[in-house]
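Contents: one structure, followed by commentary.
For reference, chains read A, B, C and D in written order, and residue numbers begin at 1 within each chain.
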């Protein structure tokens, strides 16, 4: 029982980590809560469904396409909505509300186009999983875990070592200083939206291999992603991964003795606790002190 | 000369910088004192600690001989230490008169109960406060701006309204953070006269200012900070000749070291 | 005709919700995203008292206001430490927790099955079972809310709230204890939302957790933002328009599988456009800082 | 033709006039110092020509800035690097969570050729030996003086034609102040023109070829090094008459 909960926690954590990663990457450069990140995740899943099931393209090719398009969509949201707000020097709350608006709009657009019914990407019979250390793990779950870890490591390496990745860190540290050395902060913001949104799209596709697609799937996902990012220390990449797994485990072990319906309450309880006690998160970058 | 505010061994560091380093000073009652020093000397930090917006790492402040225990900003304001801010903090989307009314004591009218059930009592008090607010604005010839939103004022007018608001708060000690910055020469003269008039009414002023001519002109006492430490203290004519002060401002004299 | 009156009752309940949220968000500048929690707790308190103890809806309404107010007291604590996005997220989280309780504490709330058969209001022994009668009752509470919140925001007390919205540090420098006002505002706003919840429960006679979701909180917030932060009249107009507008879709003969998402799409688009073009809303002057 | 010409520049922050009708220029090969007490608009002048005031909410209301004869008024900060203008900003603004090496790499962001970048980084480490043992340290953990060295190195890595330095001695201990000024003179002797904004008037005037003295948003007087170093008006502008 406990082993199975741990295993479930790790799988859930893999997905949370991916969403939190993209969210954190974007947060680093723009410093507001891109809530609509959740709907990019949904779109990723529905695009993959459309390409594989409706159009009938090879799954691997269609997943690849869906991920790229999710990235383009994130970039589009930034240019269309956030860029004008940045020009107006709007407050964080205005960004957040606008982000809610985008989320609601696209989620319901999906509902209109695909209907509210549950769709599935899975084909063929359900294969029984492998028995590992007293738990049952399916091939899909192994795929989720491995992909999540690979993408996390790839992103970490990219940001740590590539020139463009470093420019993301530079803008994150100090956008003005970045422009002093000749970096165009707007381009870096665009880059972070593109990469971050691809990660969200990938997470959406992975989860829809495991469970079903619903238009509202992005909602809980982004909330969990934000919580994971905050637990890990908002903006930190290893922190986001850690936060994702921590949250996945906490939720699943939390329901050991109580019903599964309390997962969300547990997640938000942890969030509020963190916000009040340790707002910087575990690997947090200290937020700049408010100056008088 | 009696001391109204006694500051002893105040230290504060943040972001790895020692912004205040064991600063002690006695603020003489009923005088104008100035804090000067180059950029980053710790002047504004000193103000922020004295008004409770920053908690000191060590040291204490006593008012009228008694150590202040509760250093929360609103408590200090009620105890009689009022301030203005370097970047003028008016309530931008409220009228000029409302800005002043916010500072005034209204023991009867500010409660929720008064708002709901006793509007007439509230109104009477409100009436008196309004009259007093207009009077204060008139001091700076700004009474005609009473109904204007604060965000529509020029920078000079904002400064004066913030000063008038501090007078409405009616504290014994006034801490002014760069009161002259952004003012026209005529306005500077008005403000200087007002500061001197306040002293004759028994108020005590401590101010930070970059306009050195004003500082030298109206201060009874000058404290010089550099790198968070007090490097000199005394009347204007002494401060101006103090080699340590000159060095803090202009740098080391090259020929002297050679 | 009854349909029109029904829409008016619903719109009036949203007017109360929007005005009470406006007190917190628009007048005091605290971004609260969990208003549906107060609304829900008022509804559940009132309904459970009536169903389990046969309490009069009037008692339930008062009890609902009190429990919601107490929840407001609890939720105000994050507001003392957090600002901006973080406060929004914490209140949103509190809303989700309350929703989870309604959904999972089956022994008391019957969970997703909801509470059917909630009795209606009576007045001096006469049941208010016609829509007309109920509309008058709800409008009376709209009047009460307008009176109380109107008095508050137009008093010296309200002036301090607006000062907090403008600049907390400046307000403290004026000798005002900002924390006290924040707690009070959350309690009052929550209490009125509780009243709205009670009115809703006894009107519809059935409640379940789906009426008190985060989406509901966002809808109420949209009404406030759309009408104008810091404008009570704006909240009235905002609530009425956003309740009536989607109903028009139904008149165009759209099936609800299209009308429902279309309505949400309109809300979403409106929110985005407002933020870009007119963040102060229809009748407001205040802009989020 | 002067390297940099600033004509009648006026800047406003909201309704506050920060500088009014300020004109100055820098000739090829010069160190030009702008001195004066706090809050008189020295940094504003520099930030206006580097495009930084826009992100601080400032606005150029009139005037023109020319570099090598081209009008560069209102250029974005990141576009100036392409012109060969490099800024050492006030408060250093190194990237605190990146290592010393990474800071230097970012300074070379506009250089495409990797081998050139590596050579230039090496050159900077030779110029500022203090940074050599700390290449992998997070820049935020350096001392203020070391951070200033790093900021200087980060700006010099592209071999700018003009270096703009804003209060490089601010908050530094005396031996670091000396070191910074020595480096500036050294850099200049290798051909980089420098515009230096400094509160530390004695050091700055000693190091420069020409200087301008700011008072209350305007230039009150200017002159060659020798005339300014002994001018009593300088001290008066700081400590009153």
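Miscellaneous remarks
Definition applied: a contact is a pair of C-beta atoms (placed from the backbone, for glycine too) under 8 Å apart; a residue touches a chain by one contact, two chains touch by 3 or more.
Keep in mind the model is a prediction, meaning the values are calculated, not measured.
Note on connectivity: the fewest steps through touching chains from chain C to chain D is 2. Distance from per-chain Cα centroids to the pooled protein Cα centroid is smallest for A. Relative to chain C, the most remote chain by averaged C-alpha coordinates is D. Separating the centre of chain B from that of chain C, both taken as means of CA atoms, is a distance of 42 Å.
As a whole-number value, the distance joining the C-alpha centres of chain B and chain D reads 33 Å. The distance from the centre of chain A to the centre of chain B, with each centre set as the mean of the Cα atoms, comes to 48 Å.
Between the CA-based centres of chain A and chain D the separation comes to 42 Å, rounded to the whole angstrom.
Contacts with at least two other chains are made by residues 169 of chain C.
Across the assembly, chain B contributes residues 53, 85 that each touch 2 or more other chains.
Per the touch definition, chain B reaches chain C in the complex via residues 51-53, 72-74, 77-78, 82-83, 85, 89-94, 98, 101-103, 106, 109-112, 114-116, 119, 122, 126, 165, 169. Chain B contributes residues 17, 38-40, 153-155, 158, 178, 181-182, 210-213, 215-216, 227, 236, 239-240, 245-246, 249-254 to its touches with chain D in the complex. Those residues of chain D that touch chain A in the complex are listed here as 50-52, 55, 57, 76-78, 81-82, 86-87, 89, 93-98, 102, 105-110, 154-155, 158.
Put simply, chain C touches chain A in their complex at residues 31, 77-78, 81-82, 84-86, 88-90, 93-94, 96-97, 100-101, 103-104, 111, 169, 214-215, 218, 221, 225, 257-258, 260-262, 264-265, 267-276, 279, 288-289. By the touch criterion given at the top, residues 148, 151-152, 155-160, 162-163, 166-167, 169-178, 184, 285-287 of chain C touch chain B in their complex.
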